[in-house]
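Presented sequentially are two complexes of chain A, the first with chain B as partner and the second with chain C.
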Partner chain A sequence: MILLHFLVQHYRLFPKSLGDVLTTYQVQELHLSQTQGVWRYDKWGYPPEDAAPGAELLVWFLPQASNIDKLWSDLVNALSGLFCSSLNFMDSKSTVIPRWTFRPAGLADEGYSLQSARVRYSALPKEIVCTENLTPWKKLLPCNSKDSECKSSAVELKQTLTLVYDPPTTNRNGKQDWNFRNTYSTSLSSQCPLASSSKIFVDMESANFAPFTLKPEPTRIETFRRVGEIKKYAVYDLKEVLGKQGKIDLTALYPGVMQFSDIVPPPVYASRYVTGYGLEKGGITCQIHNTLSENITVIYMETIPWFLRVYFNSLKVENNGATIKPFKIHYIPGKDRSQPYQLELVFRLRAQSTTKISLSFDRAFLKWTEYPPDANHGFYVNSAVISTILPTSVNNTAVQQHGSTIEDSMNDQSEQLFLRLHTESLLVSLPTPDFSMPYNVICLACTVVAIAFGSIHNLTTRRFQALDPSKQKKGILSKIKSKLFKSSNLENSKSDSSGKTESEADKSNQKDDLKDDNKDDKISNDTEPS
Partner chain B sequence: MTEKDDNRGIKRQHYAALGVGFVCVIIGLPLWWKTTEVYRVSLPYSDIADLTNVKIKCVIDVDVINTEPSLTDNNLADLSRIITASLGQGQEKVVHSSYRVSVRQGNDQQKSEVLKTADVKGLDTTFSKQDVLNHYQMVLLPKQSGVKVKRSHVSNGRAAYFTTAEKDLQTIAQEITNVVHSIFVKESTLLKTFRDRITSKRLKPDKESMRSVKSALGYDILFTLVNPQPDILDIQWDIKQAVRDFLGPLSEKLKEYVSLNIQSQVIYFTGLYKRPKKDSKLGEFYYTEKDLPLLINPLEAKLGSHASSNPSLNFLVYIPSREQHPLFIMDQSGSKVPSNSFLSPRWGGIYIYNVKSPSQNASLPHEVSLNMKQVMEVFISQLRLLLNLNNQIPDSTDVGNQAIRLWELDGWLRQRCIENLATSIHTLQSLTQLLERISNIVINDDIGNEVEEALSGIRQSQRYLAVGQLDKAFIQSRKALAASDKAFFDPSLLELLYFPEDQKFAIYIPLFLPISLPILGSLYKTFQWMKTKRKTKQE
Partner chain C sequence: MLKAADRVNVEEHFQSSHTNNWAVLVDTSRFWFNYRHVANVLSVYRSCKRLGIPDSHIILMVADDMACNPRNPRPGTVFNNANEQINVYGDDVEVDYRGYEVTVENFIRVLTGRLSPSTPRSKRLLSDEHSNVLVYMTGHGGEGFLKFQDAEEISNVELADAFEQMWQKQRYHELFYMIDTCQAESMFQKFYSPNILAVASSKVGEDSLSHHVDPKIGVYVIDRYTYFALEFLETVEPGSRKTMGQFLRVCPKHQCISTVAIRTDLFPRDPDKVPLTDFFGSVRNVEILTSTIQLDNVTVARDDGEYCR
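The block that comes next holds the complex of A and B.
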């Protein structure tokens, strides 16, 4: 019996909450990364898993999915709930459809992987990872807090966690020693029984110039050749190690104090920054360094928010002063409040040189409701994505694109290695208004209108004529006036003699006023003696 | 300056003041009012208010088919009169049922087949040919029938069988009325459901209404296997096959009315945080009834979220860990609960499945596969309770793996239909109340459309119920419920809600105060001038 009228899904190792989201929103492939800080390529080499600063989401939708924009907006909302992060801000204002930069990492047929219409890419550089994001991430693991990797022939879920430590500064003695107990504050005592293999790998490449000893002894040392480089990994098979010892506190001991020296930068790295000054115009410049002795073709992708209005004619790709003509350019101009600027370039990096890509933009004025609460902090601009293929695996421990585990990279026979870099994200300040302005404007405008209206109204509805003060009827105002001055006279006369002259002078001034009102004067005279 | 000129000047000045005042009051104020007005679609307020006095009439067809040869047509006419009289009562109630009773002789084929068959199944095959929704057949069996029925018997279809042996017409009619009222159409339950849903004041809740999940467009059913020690026990469960076997028929029957989204998952390393008590004599562990509510919350945190907004029903199989094995549930009297499972109202059920512990020297993990029939039988009975299909009638056919009897389906549809209508009416009335009370809520066209749709759904559903088309009535009521909910929860209602009146005042005052004061002042003077002028004229 085939049940078509109701949906049945069964999960064993794959997390149900994620699986549910993936099937509901017809996702073929989903890449989500969240990071904190910046990976320093020039100093650290390449990370095991490259990620943009902040949050980055790349989704391939199924071929049968229709209305992908709607699916995407629902998906980011679901994911933001699932991962406790503000992915719901990935709306059309920050979402692009990359054309060449991304290809499916899983199984997909040729026709599908060339169809860039099914891809959506967005990044939030401000959304840095936090412990509250780690808890839901951890929940997806089948053994909960016990780490493992899940695999089946049809679906693959790859969860990686990359951490950077700096042992010489955290260790008091200046040595580079590290162990599990210090870095994770616990030793490893069990492995996930559901995992078919759990292993620890230690890259021994640095042991060539800074030798260290590992405790306990690794299960085996793997030496292999990968894309022109000899690699050496110490491998710990947890099943074996834990079976023997019960727990493992992996320790590396260095004989001497850490000697800092010049770092040989990796083959390709980039740096990106904002240029210009003032709040009207600005520019973005990215420098890509190629230290190899051969030319390399790269794909450069840039997404710039709509409020930085980019001039396409200002796009310049230069190498040592000479302008380079890109092979291909894919540029989609942004639209105010709906679409970011998207730029993809394919060009060649000359051997041992630095290539500079520069753009200039105008800073737009935002509506006063569009500013974030901390408007003076500035606005983040996504990092640029650089994709290329390297003929070497120097400084690179990443798993190749079609592989899943580090072990796969040991058997990698290919001659080239795919590389993806994310540059720094940028912080651009926009002209920020005084936020009490709207009310001030209302008040000022109203006052101006009221004054103008009042004077015109007076001119039209009043007549100016000469009046004889003696005939004038007494109004309330003058009555109050006379009373006020009378009482002040009283006070003055009572207080002291020095004030007398003043009060007398006052009196003489007010004589005219008081003349009219002899009655009042009399009363005041009557009251004086009492 | 002559006096005439002076008078003319005064006149002109007062007319100018009047003119300015006229422009400001007659043109300015309405213009300001119009331009700052909140957009509000006019809703059918009176129609919604009228729904308070709505009366719902359900028409139900009852056929009495006689196969006993000794009963003549005259007898049947009498019987028809008696049944109609005893069935049709309580017309004045808010929800009332009206019955279309037809009493007739069975045809020859039916008569001969009834004599031939020896059990209820045979009868079912004969009478299920004319199975129609909302249409019940009361079959009077012949005295010499081979089928042994105590007094009456309710089938899995839409028929009930009555013996005619040693009964007069009055008793037969009484029995038929009883069966119709207490089993097929539960009038009092319908009325109670309606009254409960249509007011915000909750009536005293009964067990049934508290236990069953609310009416919704669909349900997410999630089966979870909880294995706290995957390193010791490798549990296999063939949930795919089990769902197909046990939930297939149910979803097949309900497919037109409600969508079931069935999922299963396995979670590891998650135990029950509450420690069970130990019975050291028997070496058994047990939870008392008091402990059970504490078990659910820690487990629920691990179940994961759903992508849909339907209510979810959770069914968990818990495999006790080796240290707490075997694990039982004790009832209040201190004896083990035979099913070893418990139900949490509107949430789902947990079944504790004791698996034989592997021996000390067995290689770990030990592979065990679960008996899915045992598991699913527990869950099906819990599911029936949660869907409010709880019918424990002594004289009826066992439900088997069908999960739902046809007449239960009718009753379920009827009740859900009434419930939907009542909820929808209540929602609409709350919405109008809210909109009338808070005047600066924007009412979009969408909301207006949804309200109209809900109203038309309610009316259509009522109309279908009154002609006995239960399935259409249910679908309309569902539409009404969805539309009214959508209107009520529309986010656009909240947009201007937090813009307080005093802030508006603060914005208007710098303009209005300096302008209005001179205008009012000059108008006052003008009116006074006009008064004195009239007086002088009269004099």
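The block that comes next holds the complex of A and C.
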């Protein structure tokens, strides 16, 4: 996530490659995430930084920028080169202008967010993340650069890497123990020399029911209150720890084997799926669960590709059978091959219940050049984005929008927590043609033409003259040959399959004649051999 | 002032007459069972990088993701050998065109330089008339064509025309074309531009075969020609004196089963005298001096000296 307020000309910690791109395309704020896998909200709570499956890009442009559509399409191309990712596919067919779901997270002029035409959002659920994307991401980190003259500017670059591990599965003994060596194959031996602060935080919330010991001892244990919940972190100040020990292999030891029990799901979580059968119609349904004992208001945003033609009148929001009327609806229908269907709803989730949003669509026929090379895999639909404000911070370690580091969240005095969820992306099959058919048709048609036309041509254009075999003088060899070929000659002359056999038969007759030294002009075939 | 003796040394250093190296490495196959094609192209990528061509001068096109494929039991790696010694994917890989971007159109646009203005630098082949370009292609091919991602083909005529466009636009000094597919020889038979040296893993009428299966991964991991080519390249260091002639003789028939075909008629130099690093490496002939040299301001007429062209 990059927040850029002023034009930056001097680069000390901020990477120049990215800075150049941002100034050229007049970007105010940019959020780019790339994800592999699905985050299980109901089992794991909320991630520190929420991201859509695949690649997701959200950009605000500077107030003075003009022709934003062109800037957007040039920007996604530049970013695709920078991050080795196919972000150039984020064209007008998959880009939307969200109205309420997103707000600038950084410094912006008052009233900026109301001019929502300056924002663009797009997602590519199919985009994979691999080492080739991490290589350029790693190169953006400042720790390889040399120190140079500093110039003040209001630029923030936030890079987050989120990984999920499962110790009881990877350990052979069923215990939840983990350490740096097993997880990252190395211990932490240095910190970035340019960093003003470098810390490790270990969330001790689970120690209440499954206690564990940390080695080495943390610098301090912080207990603080956040939105009404007590949070406890073990803090390691790396400047101190590395100064004393040189390297740290943080280890958590549990006394016994993991005790499995029912997991309490977080306050709000959702699941989204495709309904219907066949290749003509279908539907999308999203279930949002609210386990809190109070109603909360939610903003729900969906982007559906143009080839799933949505019926707006089929939109239904219900809770236990009762229809819920949304407070606000923002719907922009899609246009074939130029823009997707965009839906934003603001409605209330009733306490301790599940609300269901459903839509139905018709599947379109694509032109045969529009299918991807692996067309039978299906087509991906972006995940839905759900934004809400929670009155509790249970299961939540995310940093708030007005903070930058985890330490800021310790001093967070707000009474509410902003939450953003992304649902799963969907995979939908479209009616797909058999791509080998043009080849099959060409082969079949050519074969039929060659056989039928060829034969008819031969029959109609050759002149046949009757030969009287008894009037020809033959030698002994030719007599034997004629006996052998006699029956096959008759068959061949009857068959229409090819002029070739006829001419072959004629040729052998010719040879007989010539061997006879008979210069009789009884050669009957006028045509050339086929 | 440069002395006459120094001038002779300078001439020797610039004998090869190319000043920069580029590589365009293309894997055209999609799907998990074509793992070996991705391993092929990454093997050549690894060699080029090791011998000095920087990422900014390599255009790597990989049609599908094998390393982070959910079917890969060794995530984040691509091996070219069942004993899994070399991870050709590595830690520092930059793929320029991936997935659906690997198309015939993009490939020809990269070669000819006719890209849209918004294409970033890392996706452009910015070669000039002093560049030596290495073009490596692998995938499934047939007589006269190479299949791109099961959806389209590039024919040998199109490829020859693309190289001719490159020659007309002075986008290469010398070009080395390597192809590892079935009936690979057919792909270079139509070339007509000068300064091209080509090698193919099989003659027309022959199939190139894969080398071996890794039972732990479950697919063929490398093709024969590229396997032996990589084995040869692993013995080459940036300062090596190995020649292109030796490289063209890699993988004789008893190893490759198919016959390696070469085309040298368009290439003016004798391959046995051309160093391997002319195409695979990016060797700068730099002599480091500890003494200072005083240079006077000299006005030079335009047609003075052969190497001022």
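Points worth noting:
The criterion applied here is as follows: the second predicted complex is superposed on the first by the 418 of 530 C-alpha atoms of A that agree within 3 Å, B and C clash if a C-alpha of one lies under 4 Å from a C-alpha of the other, contacts with A are read in each partner's own complex, and residues count from 1 in each chain.
Rule of thumb we're sticking to: a contact is a pair of C-beta atoms (placed from the backbone, for glycine too) under 8 Å apart; a residue touches a chain by one contact, two chains touch by 3 or more.
If you're wondering where the values come from, they're calculated on a predicted model, not measured in any experiment.
Of the two partner chains, neither chain B nor chain C is touched by A:N67. Legend: residue contacts after superposition of the two complexes on their common chain; A:C130 is shown touching chain C, with no touch to chain B. In the superposed model, A:Q259 lies in contact with neither chain B nor chain C.
In the superposition on chain A, the chain among chain B and chain C reaching more residues of chain A is B.
Look at A:S80: by the touch rule set out above, it reaches chain C but stays clear of chain B. Shared-chain residue A:Q36: touches chain C; no touch with chain B. By the touch criterion stated above, A:D374 is placed in contact with chain C alone, chain B being left untouched. When the two complexes are overlaid on their common chain A, residue A:C443 makes contact with chain B while staying clear of chain C.
Residue contacts after overlaying the shared chain place A:G454 against chain B, while chain C stays out of touching range. With the contact threshold set out at the top, residues 78, 81-82 of chain A are in contact with chain B in one structure and with chain C in the other.
For chain B in complex with chain A, the residues that touch the partner chain are 9-10, 13-14, 16-17, 20, 222, 230-231, 239-240, 243-244, 248, 251-252, 255, 259-266, 268-270, 302-308, 365, 506-507, 510-511, 513-515, 518-519, 522. Remark: chain A residues 36, 73-74, 77-78, 80-82, 84-86, 88-89, 128-132, 135-136, 372-374, 435 touch chain C in the complex.
Here chain A touches chain B in the complex through residues 1, 3, 5-13, 15-17, 20-21, 23-25, 78, 81-82, 139, 142-144, 146, 193-194, 439, 442-443, 446-447, 449-451, 453-454, 457-458, 460-463, going by the rule given at the top. By the touch rule above, chain C contacts chain A in their complex via residues 30-31, 65, 67-68, 76, 89-96, 98-101, 116, 118-123, 149-151.
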